[in-house]
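First the structure, which I've put down as structure tokens, then a few questions once you've had a look.
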């Protein structure tokens, strides 16, 4: 049999999902799959690409369940192709694309378009469809047709469904299709013209505040609705201690609920806004030190199931303006692993074996998609990371079309050296 | 700094100031219409001493004021002063004979600034300049009307004036030192 | 000499520097009282004042201050709404800087924008008010007015009354007054206060402090900065927060009333008190604040330009 894209990763360590630990071992990849794992594998042959992984660790390809690819409609900020390349550079081999494009992904055609464009990339793109038509919060979408077309979940990300009765109906109907409802929780009356977390710093800086209550009253509402209907809900980008606590209680009372948090909410607190740097203008806002600590606690005790980047590319003109006029959002794909590793492992002493599932199995389980395990017979989606190396986040190093990163100028630990997707080396030196 | 020469002691200074006071009265034919303005900071006590002498000689007290020239300097860019001293001229200078008093006359730039400052307050009849020491090195066409002591100096010498009101003793000493920008 | 290039916030000055500003202002106050109200100090310097929010008094105050120091001043006014994207603001800034100005005085409708602009220019910037954030020259002229009136600062009791949440003046004054040893009480209802005011001394009605306060500082109700109507009615405001004759008569004998202007007559301060304020010898310092404004801004221009 002809060997196709055979890769041998030698002299490194890898994450063994069954033992849940990092162990030494070589990995042989053939025909897109992990063919063998073991000690001192040697395959001579011209067709085999050998990677010397000394000092590197092979981890499953990361799954980022919250990404804005901007296509169609905002291709000057990002495209499916450019976003996929940025993902692969960050070690991400699968991602969920949020539907707030123009037009929003509320139709079968658009879901199919995203799947087609996604399949031309080396990253797996899972389209998320709108909860409501045009994300207007008025009428639910054709959830059946969209599910069949390939939507991995439903979300009106960025535009919460303010109509509680409509959300109730959506939840009831969603049970038929088993796809998660990914909820951006924000009461628009509470958030109003808010620009940052409401607290000591918003008062001092004279920036309109977004209280934690803006998230929390909606989380509470949707938990009640989910408990009543039994729907599968996922609260995305949790930001406040109250939000963590609501999910914790809902889980303990048996609700079918999961949640994620972003690296930037873990990394920063609202004191960073003193710079008025618009790259820290995100939604939900970066909250207080106490909220930041509660998010960490939520990760540690298992309340939070996943970390997702909420990669939100924006043009310079949308960020290089007054704080009030600037758009919300930070990019996150290319810094995804490093930001998480630096914050959680280096700074907070979390074991890497605890971090990896939050970036792989956690989101896979929520979306019901393939888990990228490094196991014989699994599709070979692997990131090779150097957890001893540090780098400074520089504007010129980004390959995403947008450079609006909250991490610019920071020194992070954890460099992705190679990314292998579907058995091909798609990032790194060949 | 090395002291090179003792120029005036206390009694010298007293004599010099008395002599200048007489000269002022002589030239102005008395003390009528005279006002005396001392330049901050050592011109101010000198102005008071002259006023006291005149009172002693003539029996009437002439008005005195103090002037800070910070805002009129031509070297604002190079030396900003944050301890701006008080300008206090509690009388109208219009049509007065203004006796302007400073301790050392050097480049003439402070006097240029002082002339502008006084003229901004009103149009005096005359402005006459008193200095305790004229050390030369003028950079502007300015001369003193009354000089306590003409003292040829080199640029790297300094003239140290001490007055009992500000420095607890009366003395003028020539010292070796860095070029003074006064 | 000041340690910071620019004055963007009252926090950019330490207490020593604040005293230096106040002392310099004394000298400039003298100049403003002369017949020839002008000194040649800043001859040849060009100041550009950029106002991205309508203002009359602050702009004119800076203009007079610059002119009394013999600086040339040019004014640029634009509605922030006509400059929607940052590119345009930055372009405006670049254009003005290309004309070799030595100092910028900037006011902007949005918090943080003056800081943003300062970060991209190398000439000093004086913040003339940004959004709800800071208005350092107002706070400095207020503390100067207070110091002139009382001849001391330490221990004076000041009440900031009214629309705290929307007021850059309140933020600047609160922080500067506390730094200079005054005791600050905020008098405001919950909806005009920040969400968390646990660090403040707060009262909800002017009647609670009126007899005990040295300085009654009335904040302007910032209707133009309220995103939604935050107060039920003027009548309700009058009930708890306005200064009327009756309340004025209950104030301590040597206490004073201040307001950053312009006064909403009948809201913060009743008409008849404003009429009374025209007469000499009362303790309503609103006009004194305006006069002090010129001297304090002269002092700042002098000290800020002196370091460049």
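Labels A, B and C are assigned to the chains in the order they are written; within every chain, residues are numbered from 1.
Going forward, contacts are C-beta pairs under 8 Å (C-beta built on N, C-alpha and C of every residue); 3 or more make two chains touch, one makes a residue touch a chain.
Not measured: the values here are computed from a predicted model.
When every chain is represented by the mean of its C-alpha atoms, the one lying closest to the mean of all protein C-alpha atoms is C. Across the two interfaces under comparison, B-C and A-C, the one joined by more C-beta contacts turns out to be A-C.
Separation between the centroids of chain A and chain B, computed from CA atoms only, is 78 Å. Chain B and chain C have Cα centroids lying 41 Å from one another.
Averaging C-alpha coordinates per chain places the centre of chain A 46 Å away from that of chain C.
Under the contact definition stated at the top, not a single residue of chain C touches 2 or more other chains.
Chain C makes touch with chain B in their complex at residues 1, 20, 23-24, 27, 30-31, 34-36, 38-42, 69, 302-303, 306-308.
Of all residues in chain B, only 68, 70-73, 76-77, 80, 82-84, 86-87, 116-117, 120-122 touch chain C in the complex they form. Residues 192-193, 198-200, 202-209, 211, 276, 317, 319-326 of chain A are the ones touching chain C in the complex. Of all the residues in chain C, the ones that touch chain A in their complex are 80, 84-87, 89-90, 108-113, 115-116, 130-134, 165, 168, 171, 194-196, 199, 227-228.
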